[in-house]
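You will see chain A twice below: alongside chain B first, and alongside chain C after that.
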Partner chain A sequence: MTSVPLVSVFSADDSSKVTAKHIPLPAVFQTPIRPDIVSFVHTNIAKNRRQAHAVNPQAGMQHSAESWGTGRAVARIPRVSGSGTHRSGQAAFGNQCRKGRMSLPIKVWRRWHRRVNIKQKRHAAATAVAATGIVPLVLARGHRISQVPQIPLVVEDKIESYEKTTDALNFLKRFGAFEDVQKVVSTKVVRAGISKQRGKKYRVRKGPLVVYFNENAKLLKAFRNVPGVEVVNVTRLNLLQLAPGGQLGRFVIWTQSAFAHLDKLFGTYRYSSIIKDGYQLLRPLITNPDLARIINSNQVQEKVQPAKTTKVLHEVQKKNPLKNTKAMDRLNPYAKKQRAAAAAAIKANTKGTKKIKKNKALKKASRAAYNKVAASLNDATKAAVQEEQDIKVKYFSVQKGAAQTE
Partner chain B sequence: MQIDEVVWQVINRGHCSFKIKTISQNFCRNEYNVTGLCSKQSCPLANSQYATIKEEKGLCYLYVKTAERAQKPKELWEKILLSKNYEQALAQIDEQLKYWSNFMIHKNKQRLTKLRQMLIRIRKMRLKGFKELIPIKKKAERRDKIREQKALVAANLENAIEQELIDRLKNGVYNEIMNYNTKAFEKVVGQNQMEDEEEREQQELEEEEEDYSDEELIFDPNDLEEDDDEEDQDDEEDDKRLFQKQTFNQLRRDNDEVKDIKKKKPRVQLQYEEEEEVEDRKKQQIAF
Partner chain C sequence: MSQQVLWEVVKGNNAFLVKRNGLTLSTDPFNNTGVQTYSSTGFISKNAVGVVPTSGKVNQINNINLVAKKSTKFQQVDRKAKNTQSVYASTLAVKHGVHTASRVIRKRFGTSRVGLQKAALRKLVKLNRANSVRRRNELAAAKAQKK
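Our next item is the complex of A and B:
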């Protein structure tokens, strides 16, 4: 918000010489930068230069066309009456029709101009002037100011008496403003579109804006023919020139008297404007716009509470602690040790078995025992089977015997 | 410092003439930008304290900008020459940007590295030499090609050569060389010929007369292997016969050497014809 509080006035003949060393900046340059206000005001003010135009009210309607109605296997749109020409029977009148009138034809009584509140307009102008004094904004707008000795550029009143264009050119060259003029010259393009047939053949960029004060100044004529350069009186500063296209940061060259007049024109924070009756410069919402600096400053950081860590209430997905060891450990921290101990115990128990060599004798003995048991079992089963057969034989023989006897 | 925040809001949200927007990324066209990207940290406009490395004629310079000089665009950038030694240059950066943000120091060192690598590459290319790529301009190429063809046709090379050679003959450049086609000879003298023969003659003439340029093939009377009896240089007719025979010899020799297959066959045929002619004439003569 604050630019350089002190400004030097340069000699018109020699850019290295300074005629007045420390002039305080007018308060306008400390107005808060409000691109929103400027944008709004600009879009509306830009409409004020428009000239009324309209479409011929009879265009497309000079027929006695009537709709044929239904039943004729054609669309119901009005059709040109008569016969003997291609045109007869063709659709007419509608905006969709060929040779029909446009929808909502433009009328002369369209509201061409916009009124903007005076205060808004003044605020916009003030902001635009302030932006003029901020180097990055002027650069971002596209002006070539890398060789300019100071921004805002204030020059002694001598330039107001320039009559020759050569003087004007040399002056611009001396102050590094010629690069901007060259930019304008090299980027002059034939305009696209019909406007070129309507008197706007070329699209030309904006160069420096020279602001003077004395009404008798002749510099208008000197600078008139330099491409891109515009000349304006302080009392008639125009937002459309200060922020062309609604874009802040025009490159402005002030004369000393013009610069001095700004305080009277816009007023300061101590007194309201003399010329703009009752106008008070906009006050900023915050005086120091550097938020990062404020937040990180000691004074703020002291009072600030420590940062809260996010508390996790539960897992995103439930894990079964009986299966998931980590989940188990979360619930029972001792579980880990328990598991380790169990594992160790198992290891201890099973420590020998792995290392026993198979005792052949033992094996043999066990096998013998098994066989014995098996054999006895076999004997038992055999005996049982035999017994059963004996019984059967006995029975049947008895039976037979019985049968025979009978 | 105070304005930086405001400036960034205005530039970023609004319009910045250096910003280039692409689908994936935003670039910064400002010549002093360290990274080349459009971001708040690397914006040379939105930072009143800024540093870059720039290369000029093989030397790297550190450009430093401070808030104190913010209103004087001409004196804004302080230019510090960096050492040619890479490590020393890095140390210089550390020294000049002491207590600056890590981002700035780091990016400057990165940029220095990149520039130095580029310079090395340039030097290598200069020493090694490199293939310069020239674009092929389709339209121009196409146009030239067609014009060449037209020019070739328009030049009438064959006629021109023929004329040139005939002129040379007339001027006596080829002293005493008798090896030429009878028909061509007659033509030179100025007798009418049939058009077909003429064409063939032209071709043959071309062949034979072109051969004169080769020293090997230039006829030398001493080289004659055939009968000397028939040589009679007083009579034109005899001369003719001589010419024909010698041509035949020449041609035979030529046949072995000439690689043009196109001309071989017809020439061979002709030779036989000539031979017959010669023999016929001989017979005629004898008859007389």
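Our next item is the complex of A and C:
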């Protein structure tokens, strides 16, 4: 980066006032975003808070059950010995049995924790910090930051001396962070499942993370009762807080000294970290990840071959040129003229040809004959109808008018 | 931040993602198509215009806001700006009708990203139609009440 992005530090009392105008962004924020490292580290580190638990090793096994063997018309599963109770003769021990022990019962010596290479953990933390400075990622994580004046949000150290929760709340309101807190409050849900009986009644979202530097800071007490807000010291940044659920882009509020400490903590691209011994920030594989810009740049476009146009070699459906005149014309451009000439010739000959005349005469004759036959048929039918009427009138004394209806 | 890189982070899971009935949809305000795809996901791009309905009074001509994505070098709110600003967007209320709003959209995109431009315009028209129907109904109801 030729130009270092600059950040303003805001006054704690008034969000429109800026106490330090242009502070260069610590190099951590330039670290390449590596969701793969973060998700790997997160899945492993998330296991480190687990407490060992196990199933009672004797569960389901406190019987002197024995298999009855073959020949008794029952399954060969061990059966409870004894008599005088329903339980006797019932299946026991197997995972498939009722009241049997589970398959592969959980042991206390299950490997609960995972160790992750320090370098990986540090890279993950660095990436997570970088992601907190990228607005789309914070949006994608679901934080409500429409009223926040700046991302990353850096505030003067005064907030470290807040003792009262009211101060903390007012501060959050002033800086547009209260919307995020409201989201947390309104989306508090009773957890589904048995965990609610095991001390985890509610599922609560994550709100802003406040990062401070001075160890004597009292702001922990001020902020701890605000729902969703977490407070952490810079020296103890936790990936589980920076990228909850392995999702990058927590909304973070930095104090000025915490922000300044980041360079010492993670180092820069000029010097390695002072505190994390020998740690050097990850360098990006590509310095300019904007592919669209690279492709459209002059340097690339000069070398690149012109774009191929989709050339249609042939039509999708074959047209028969003997039947389809357009297809014929495409193959033989002269065909059109040939057709026109033939049509003209036919027309010229039509009036004179004997055959045509003969046909015409025949047609005329047949038409006349047909008409004659049709006419005689007509007369016959008329006569018949009339005759029927006369008979009806004569013999059935039906009135002339009424005869029609029957 | 490059749109490509952001997409790789965000495509699997983000706050706007909605998966329903085998469809991958998005409630991103900068997305005018509703479907989550690389090009239509506006909140990761440098310039995008979202056409967003707002709840407003009957007297407003349009209850639509144009939310224009900002690409500032340092992500700070410009207090001197006239329209409502946030870290990631400048909101412009559509007050003077669909034509002026469409000019804003066209100017923003210019000759590039025709698909996105059309999607924005399409949504603008649809919202406007819905608005006019709603306005008509509300006015009729108000009139009936008066009587």
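Throughout what follows, the second predicted complex is superposed on the first by the 300 of 406 C-alpha atoms of A that agree within 3 Å, B and C clash if a C-alpha of one lies under 4 Å from a C-alpha of the other, contacts with A are read in each partner's own complex, and residues count from 1 in each chain.
Simple rule for what comes next: contacts are C-beta pairs under 8 Å (C-beta built on N, C-alpha and C of every residue); 3 or more make two chains touch, one makes a residue touch a chain.
Keep in mind that this is a model prediction, so the values were computed, not measured.
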Clash-or-fit label for the pair chain B, chain C on chain A: clash
Touched partner set for A:A46, first chain B, second chain C, both or neither: neither
Touched partner set for A:S16, first chain B, second chain C, both or neither: second
Partner chain in contact with A:Q147 - chain B first, chain C second, else both or neither: both
First, second, both or neither for A:L139, with chain B first and chain C second: both
Partner chain(s) touched by A:V232 [first = chain B, second = chain C, both, neither]: neither
Partner chain(s) touched by A:P5 [first = chain B, second = chain C, both, neither]: second
Contact residues common to both interfaces of chain A (with chain B and with chain C): 3, 33, 35, 131, 133-137, 139-142, 145-151, 247-248, 288-292
Contact set on chain C toward chain A in their complex: 1-6, 8-10, 13-16, 43-44, 73-77, 79, 86-89
Residues on chain A engaged by chain C in the complex (per definition of touch): 3, 5-8, 16, 33, 35, 131, 133-137, 139-142, 145-151, 247-248, 288-292
Parts of chain B lying in touch with chain A, wherever the complex brings them together: 1-7, 9-11, 13-18, 45-46, 70-76
Residues of chain A touching chain B in the complex: 1-4, 33, 35, 131, 133-137, 139-142, 145-152, 176, 247-248, 288-293
